[in-house]
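For reference, chains read A, B and C in written order, and residue numbers begin at 1 within each chain.
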Amino acid sequence: MATLNRRVLPGFSLSLGYAVFYLGLLVLLPLAACFLKAASLSAGQFAEAVWNERTRAAYALTFGTSLTAAGANMMLGLLVAWVLARYSFPLKRLFDALVDLPFALPTAVAGLVYSSLYVPSGWLGRYLVPLGIAGAYSRLGIVLVLIFTGFPFVVRTVQPVLEELEPELEEAAATLGANRWQTFRRVLLPPLIPPLLTGFALAFARALGEYGSVVFIAGNKPFHTEIAPVLIVARLEEFAYGEATALAVVLLAMSFILLGAINLLERWSKSRAT
Amino acid sequence: MQHNVKPTRSTSRGDPWPVRWGLTLAALAVLIVLVLVPVVNVFYQALERGLAAYWHNLFGDPNTRHAILLTLMVAPPAVLANLVFGVACAWAVTRFRFPGRAILLTLIDLPFSVSPVVAGLMFVLLFGMQGYFGPWLRAHGLKIIFATPGLILVTAFVTLPFVVRELVPVMEAVGPEEDEAAVSLGANGWQMFWRVTWPNIRWGVLYGVILCNARAMGEFGAVYVVSGHIAGRTDTMPLRVEKLFQEYNTPGAFAVASVLTFLALVTLALKTWLEHRERQEIAEALASTKTKEKQ
Amino acid sequence: MSITVQNISKRFGSFTALDNVSLDVPSGGLLALLGPSGSGKTTLLRIIAGLEVPDEGIILYGDEEVTHRSVRERNVGFVFQHYALFRHMSVFENVAFALRVRGWKQERVRQRVGELLHLVRLEGYEKRRPSQLSGGQRQRVALARALAAAPRVLLLDEPFGALDAKVRQELRQWLRLLHRQIHCTTVLVTHDQEEAFEVADRVVVMNDGRIEQVGSPHELLQQPASDFVMDFLGCPDYSI
């Protein structure tokens, strides 16, 4: 194993210099502008901008729908990852590739098609609306589209771990007298907890910031179906830059916390796997 | 985010077949309702009124034509910039150890975790008319926000991590030995890079570029904030979809959406093929360091 | 081209890989650095090559101090432990690499590569890829590649470690013959005592970042300088 010495391989200053320059310009500078602007507000203004009836409703909705969607993704993702990792069936490769579609599909398209599917005349709405399930212009609609956009995260973090599990573990459990359910609960599930949580956190983080798809399906009624990013845009359109920035800072803080949590979870996952 | 579609192992015989079939059907149902039905629906709704209407929706409307062109003008520069950055950053991070390396890696992940609306807002605060550089830009007759440069900048921000995150594991797996060998044989930096490093990483780079491009063309929230959505001037394809939707022009919206969906499907296909090549590359790299070979 | 190592020390964090090591390699000699893993022998080899930078001490090639010259400027032939062949290039291109980066014309390149492949007995393999070669063949390509630009010094890092016992033996003898032919100052790193004794004129026994003893195989066996040398060398099963 080679020890890496910056004076042996060329290009250290050039590559690092350029990378830092680029990041500074494209990431740090905008972030600085954001915090600078937020700091220009007085404490009172900041508090009023981020904590009033409308924003509270937006936080509650954003948080609630993202949590629900991420939770649903955790279960659905486990199911799909399980089936893809362990069973075979016709067209498996096709379905496996489909899992990644929400990554590749523009959010606007997702929003457009989801809203049109669940309206009373839509392909799914015509069966669901009579049952009382309104998937469009409702909170359920928001959750549905967030499930779509976050779907690949859990599947793709759980699937590799499932595939790496040795069959010998299950065989050992069987020889020791465990039935299938016990084997699942005691032997197979525990190593899946770290990737499940990591996937959950990733899906949750993605859902919190999601805008493009939600805008189509939510109806965006303040206090009812207005998520936080939509509120920020509303403030921007009123030219209330200070208030918009204050809200943005709150979302940023949440992003950073989640980023840290995800890093820790991934490290925990790795240490469990070895 | 990649994985292998591995051959199924004997453990599947451990689950009783009702369980197997029940779970498989449930999983397929999830995939179909969640992913497949929407995709089919997009194409159905786009083509519902026939090919002539579809064609007209796409190319008969000047604003839609412009949106397509604008998307094709905005995405490539952003992807190119992130490509150069991605290679440089991956080289620095995988071949050297330096203080602040961990911070750099965290910074790279940042655009992934920031809401696109917040991303757009940050650039408005910098370059908007009331922004920090606003007066300076106005004095020089330059426009970034509500113009194409702003779209490119914000798209570059949002897609920044894609190439780097793809390259770092590839470069770590391939290892520095060949690069060191090239230098020991007298190659200078560029010779080493083009003759030795690049052939080993090109599939990873291509993979990152494809994902980067898909996201760049489909970005909505950040571009929405920065564009001022002036139809015919600053609307990219995703924004055009929204505009048409607001105007209750559903067939038009779905026509544009179908182009974007087709792009997504092509991206998926390329991605699957490249994953295969990339895995081969890494497997070969690992095999060449295996001990104990027979002649 | 002789090699002089003077007072070289190298630390990796809190771990001392080399502690005040000094050594002379006569021009045209074949020296083996022998020791258990962690003894610092590979680190020393890489410092001689310029693939590592020492914390203290100097390296001389002949009369010239090269301590702060880059590996590229030192014109060494380095054979890596796992060969580090360029996977995307044919055997011909691998061997030609050093010549190409020096801008040699195609005709000269072809001639030189032909000579080298003849030397390592791999004529006819020009178009093969490394993945199509056996371990022993890859080793010989790595050697030919390192020799292409007529280096002043040839350095081999555990060159036969990854090979089958039979192949190892053949290649050892072959390396010895090659050295007699080309007379290039050669330093070889190995943890295999039999290998060191069979191939090298002089052997340097290392342990824990220090040199325990330097001498011919005979000297080392007859007059071990320390308990470590005695224990490490044990009883070889052939006579010198």
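Methods note: contacts are C-beta pairs under 8 Å (C-beta built on N, C-alpha and C of every residue); 3 or more make two chains touch, one makes a residue touch a chain.
As the structure is a computational prediction, the values presented were derived from the model and not from experiment.
**Student:** Select the chain at the greatest separation from chain A, using centres from the mean of Cα atoms.
**Tutor:** Most remote chain from chain A, centroid-wise, comes out as C.
**Student:** What chain lies closest to the overall centre, CA atoms only?
**Tutor:** B
**Student:** Go through B-C and A-C and name the pair with more C-beta contacts between its chains.
**Tutor:** The comparison resolves to B-C.
**Student:** I'd like the Å distance between the centres of chain A and chain B, where a centre is the mean of that chain's Cα atoms.
**Tutor:** Distance between chain centres: 16 Å.
**Student:** With centres defined as the mean C-alpha position, give me the chain B-chain C separation in Å.
**Tutor:** Averaging C-alpha atoms per chain gives centres 45 Å apart.
**Student:** Using the average of all C-alpha atoms in each chain as its centre, how far is it in Å between chain A and chain C?
**Tutor:** Those two chain centres are 52 Å apart.
**Student:** Chain C: which residues touch two or more other chains?
**Tutor:** 50-51, 70-71
**Student:** Mind pulling the chain A residues that touch 2 or more other chains?
**Tutor:** In chain A, the residues touching two or more other chains are 2, 8.
**Student:** Going by the contact rule already set, what residues in chain B reach two or more other chains?
**Tutor:** Touching at least two other chains: 177, 180, 183, 188.
**Student:** Help me check something: in the complex, which residues belonging to chain A touch chain B?
**Tutor:** That would be residues 2, 4, 6, 8-12, 14-16, 18-20, 22-23, 26-31, 33-34, 36-37, 76, 79-80, 82-89, 92-93, 95-110, 112-114, 116-117, 123-124, 147-148, 151-153, 156, 159-160, 163, 167, 170, 174, 180, 205, 208-212, 215-216, 229, 232-233, 236, 239, 241, 244-245, 248, 251-252, 255-256, 258-259, 262-263 of chain A.
**Student:** Provide the residue numbers of chain B that touch chain C in the complex, in ascending order.
**Tutor:** Per the touch definition, chain B meets chain C at residues 177-178, 180-188, 191, 195-196, 199-200, 284-285, 287-295.
**Student:** Would you tell me which residues of chain C are touching chain A in their complex?
**Tutor:** 12, 43, 46, 50-53, 70-71
**Student:** Could you list, by residue number, the parts of chain C that touch chain B in their complex?
**Tutor:** Answer in residue numbers: 49-51, 70-72, 75-78, 80, 82-89, 97-98, 100-102, 130-131, 134-137, 145-146, 148-149, 161-164, 166-167.
**Student:** Along chain A, where are the residues that touch chain C in the complex?
**Tutor:** Per the touch definition, chain A meets chain C at residues 2-3, 5, 7-8.
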